[in-house]
Amino acid sequence: MRRRSVLRSLLSRPVTEELARPTRMSENAHFRGSLQLRHVDVGSCNGCELEIASAFGPHYDAARFGARLVASPRHADGLLVTGVVTKNMAGPLQKTLEATPEPLVVIACGDCAVNGGLFAGAYGIEADLDELVEVDVRIPGCPPHPAAITEALRGLTGR
Amino acid sequence: MTATMTTTGLGASIVMSVVQLVMIVLGGPIVLGVMAKVRARAEGRIGAPVHQPLRDLRKLLTKEPIHAEHSSAVLAIAPFVLVGTAAVAIAVSPLVTTAPVLAHSADLFVVVFLLLMGSVALALAGLDAGTAFGGMGSSRAMTIGALAEPALLVAILALSVQAGTSNLPKIVAATLAHPSWAAGPERLLAFVAFLIVVLAETGRIPVDNPSTHLELTMVHEAMVLEYAGPELAIVTLGEAMRLGFLLSLAASLFLPWGIATSTNPLNLLIAVVALSAKVVVIAVGVALLEVRTAKLRLFRVPELLTGGFVLAVLSVVTGLVTR
Amino acid sequence: MSGPGYVDALDLAAGAVLVCGVITLWRRDLRATVSALSLQGIALGVVAAVLAAHEHDVGLGVIAGLVLVAKGIVIPALLRRLVGHGPGSREGAASINVSASLVVAAALIVVAFLASGKLTALLPDTATHLTPIGLATVLLGFFLLVTRRKAVSQIVGLLLIDNGVALVAFLLTAGVPLIVELGASLDILLVVVVLRVLASTMHRTLGPFDLDQLRELHD
Amino acid sequence: MTLFLVGLGLGLAGAMAGATLPARLRVITTAVCGSGACVVTFAAATRVLASNHSVNFHSGAVLPLTGIDLTLDPLGALFIATTAVVGLAAICYSVGYTEHALRSRSAMAMFPLFLTSLLLVPATSSVATFLVAWELMALTSMLLLLVEHRHSEAARDAYQWYATMTHLGAAAILIGLVLLAAHSGGQTFTDIGTHSAALSPALRSIAFLLVLVGFASKAGAVPLHVWLPRAHPEAPSPVSALMSGAMVNLGVYGIIRVGGSLLGGGFLWWWLVVIGLGVISAFYGALHASASSDLKRLLAYSTVDNIGLVLIAVGAAGALSVTGHRALAALAMLAALFHLINHSVFKGCLFLGAGAVERATGTRDLDRLGGLARRLPLTAVLFAIGAFSISALPGFNGFASEWLLLESLLHGFAAHGAATLVALLAGVAALALTGGLTAAAFVKALGIGFLGQPRSDGANSAHEVAPSMLAGMALLAIPCVVIGVAPGLLASPLRRASAVALGAASVTPLRPGLGLDLSGAAGAVQPLLLVIAVLAAMALTAAVVRLVGRRGARRAEAWGCGRELQTARMEYTATSFAEPLGRVFADVLRPDHDIEVTHVAESRYFAQAVRYQTRADDGIERSIYRPVINLVSLWGAFARRAQNGSVHRYLAYGFVALVVVLVALA
């Protein structure tokens, strides 16, 4: 696909795939239309990160539903956790959790975060994510499909 | 419309100032939304709705505020100083009308020093938590502020030298009375200098990247890393108001047509619409500039700001020469 | 006294003063220099006496006697007692050897004659013609101060200068008023006493004292 | 006038008491006498300012040959009033301060004497009295500088710099004034004033330049400022507060008095030179203030900066009055005097604050302070008021005078003449740039010094200082806010003083009222209403947030990217805070960095510790003063060889000289 100049892309229709409104509305009304996430890589192979990037990219565009990645957990409503919880990252994960203001959600993105994935039971792992932290949303897949990630985020923001 | 300022009652000027305040308080975040929308569309995305920043603010208000354990009262007070000074600067300046409340105090230096007070409060808050990021943010913000403030002061000074007064409403009235000034060379130079300063003060792309996640590259964002919940909402609102204010000040100083000089509601409505249109146009322009350029290395920013300062001085000189 | 006898006597005495000055430079032995000094004192007294007789001025006569006693006898005696005992009586290696100092003395005398040319032109009579000798003695005394190491020679140099000044005073103004003369000689007496005390204490503490050892004092 | 003399008498009594009484009584009596002197002289000064007619006094007795001439006119009275206020605060502060330092007999005697001389100088009205008072001030301040020299080498070094610079300055003033007095027949200022018009332009210019050099060195204008950043940090805090708060003003007072009333305005290029001095001082001072990490050195450099601003305004006033714009000149002079008063008040408060910090923590180095806001709450608040005032934030007195300075320069553009316009433009540019740099410097001083976590055990174990020290600081902090909120109060005394300075009584630059309202041109500001508006806006936002937002802030560890250990060593220090500015202005500051890397024993690739140190020492000192000092020491070395202790060599010098003279005569 030829590189589109800024002006042409401004004037023509965006390439984002149109999606129907979500079936079930999000139960907690806290994040209606506005969800800031702090991405925490506790031991990922970077596969999930690529998918998250494309989830916020032009085609899937999770930002249109009010989701946004932020720099500091203080600004975040939720932790987007990827990868298995390695021994070194268990402490920082706890610290990040404490630093995030209530109410917060924890989203386990990718098989590693959901159930340890390929590396389940490896020596370097502290424990499964749900043993350490109460997980609210799970996005399976290794790596998870960007549409699945967008779908999960839409579930939270209800847009 | 008569160029001379009709004697508006105190009540009327209060109403108009309140209108200005409400416009900027709501308009500021929307301007941020518009700029985000333009960026999204430039990337081929649909992007968040224009009023997304307002939604974020509403949601942030319901979040739990957190204070760093070693922080003192400065961290708690700074956001309110930021919003307070911005609000007064907005209420006092000639954005929608040339007769806002406290018009005789609506002085160029007052506005500049009010903004300075806001940035000093934010910088102190950055230092309060005692983290490396806060210190880095404050240090860089004060450095850039120290270089941007002279350019801002001298840029508006060029207009006041031409108008013979430093009172902003009078400058705007004088510009309305002499349409030939608007296209003059010193106005152009001052406008460019002013825009450079606006980019620096509000931390937009060439100077600072608001949507960066890497603390090392942050300038403004690093200072507010510690804020959560309502305080973060206030700080973000303050920043949005400052951006809205500076853009509308640019609009009313350099393109003053449509500003209400009398108090009848029709003028007011026209003024509101005209101002919104002008601000949106400038905001889109700035957003396009952001998409086109990359963030400058931190030590190239002084060159940009010194350039702005020199342009401002040049505009004063041309003003004096062609007097 | 009148007529040629006065002039010859005056010239003789003044000449004697100058010669003694040169002797002090010439001899290295301290006792010899002190005795030359006393001779000079006596010659100075004679000059004053001749002038007093010539002018019939009693005051000047008293001064002449005083000078004779003090400069001729008392002060040299004091110095001789100081020099008398111990090995320090021999002047060490002067900064320049004797022959060179004599040549310099000659030059100084010429300079004195040149410099006092204008002075004598003021009132050209027999006495004032001899002022260059007074000036020369002053210069010789100064030169002695500069070149000699021993504390005693320093005192002798100082006294030479004083004699020179007194000589000029006598010749030019036919005797300074009594008070000035008394004052001046009192000063000299004081200086000598102080130096005497200083030299003796230094002698007692440091042994045969050589002025150049002063050099260690500075940082 | 008798009131003023009573005041001076009390001051001298304080000095006597300091010298004679035993230790216990000494502090109290000097404090009582000193504060009595301040209060009485303040009353005398305000009476003169209110009645606007000057009183004078002459007595042939005290000084041989010339006698004493004192005249209390509004200009002098303004300076005396400021010195009295700062003096009162300093004395009140010194009561608490002297538990440890400054107890010695000499210090307690010198301190009131120094204060009395400061009060005396603006009242003198003849060359002889002026020089005596000036010298007394110089000597007492020098001795006070030496009070703590026993245990600090830097104090001795500062003393040497201060002594030489002061005496060179005093010599220049002496020659200048004597030159004027000789040529105008009388030595009282009134004689000089009347006769100076008849003097030849060259003579007046030489006299003015000499006097300018002397007073500029006392005021701390740039090329001659080098003693200030050395002397102020070493002097005990109440003394450095007086030095920065009162003594530096007298430098500017001298320039105004001699340039304005004695020489009657003089030529345009005089005042352009003054503006040039001001611009360089302002920029250079502000830059070094933002670069230095020693608290008192920072304050000293910011004194150089503020004096630069005042000189710009004084220069503008002179230039405008010479080119015939009397109204604008009066406004500029009024702005200069107003900023001078404000500077004395907030700089005095800051120096006393710095002294309290040094007393509580034992160090002045900002890199080793931090976290003092929670440990020294009152000092922090008072220091913050001073810092906000100097950064010209609205609601504080710095803003009121900076606003007036900017207004006077802005309306000065109405004047014609390219040279004046260029100078005014340079002035405005300097004002604008130094505004930003000063704000950066004092955010550093306040933020790094007082906020965050303590970076040394001295700072960690700090506890609040003696109440009298706090009272002293408060005595200066309150006027900062009062003048800031209602600057109109000072309008009439300032107008009278500037009228005397420029000899243009008819002009009233400011309309009466609490705020500042320019009568000549369209420009006004009501700080009171602004402050109320800002506070209202803040209260409104707080109310909305409290209503809508969620309350109950939770204390949590500061966010450091999830780092395990968050210690004070990870904080930004003053050096790191000023590093970007240092890099931007590297060619002016020319900081020298030295980095020591200590490697792990086993391999060169792993560093065990890295020590980074940067020092921005004074560029002017390096480029101008060092060569001069080297020259002098070279000449000294030669003289040392010539003076080798041998008596004969000295006699030889005398002898040779005598012979040469004789030969020359022949």
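Order of writing sets the chain letters: A, B, C and D. Residues in each chain are counted from 1.
The rule we apply is simple: a residue touches a chain if its C-beta (ideal position, glycine included) is under 8 Å from a C-beta of that chain, and two chains touch if they have at least 3 such contacts.
Remember, predicted model here, so these are calculated numbers, not experimental data.
Using mean Cα coordinates as chain centres, the one most removed from chain C is A.
The central chain here, found by comparing per-chain C-alpha centres with the mean of all protein C-alpha atoms, is D.
Averaging Cα coordinates per chain places chain A and chain D 58 Å apart. Note on chain placement: the centre of chain B and the centre of chain D lie 35 Å apart, centres being C-alpha means.
With centres set at the average Cα position, the gap from chain A to chain B is 34 Å.
Here the spacing of chain C and chain D, counted between their Cα centres, is 64 Å. Within chain D, the positions touching two or more other chains are listed as 554, 556-557, 559, 561.
Residues of chain A found to touch two or more other chains are 72, 74, 99, 101. Chain contacts in this assembly follow no simple pattern; the graph is neither a line, a ring, a star nor complete. For chain D in complex with chain C, the touching residues are 643-648, 651-652, 654-655, 658-659, 662-663, 665-666. The touching residues of chain A, when paired with chain B in their complex, are 4, 6, 9-10, 14-16, 30-34, 36, 57-58, 61, 63-64, 66, 68-72, 74-75, 77, 99, 101-103. Contact residues on chain A toward chain D in their complex (touch as defined above): 72-74, 91-93, 95-96, 98-99, 101.
Touching chain B in their complex are the following residues of chain D: 290, 370-371, 373-374, 388, 391-394, 399, 402-403, 406-407, 410, 413-414, 421, 425, 428-429, 432-433, 435-437, 439-440, 443-444, 446-448, 451-453, 515, 517, 521-526, 529-530, 533-535, 537-538, 541-542, 545, 548-561, 566, 568, 570-572, 576-581, 583-584. Here chain B touches chain D in the complex through residues 61-72, 74, 76, 80-81, 83-85, 87-88, 91-92, 102, 104-105, 107, 109-110, 113-114, 116-117, 119-120, 123-124, 126-136, 138-140, 142-143, 145-150, 153-154, 157, 160-161, 164-167, 170, 215, 225-226, 229-231, 233-234, 298-299, 302, 309, 313, 316-317, 320, going by the rule given at the top.
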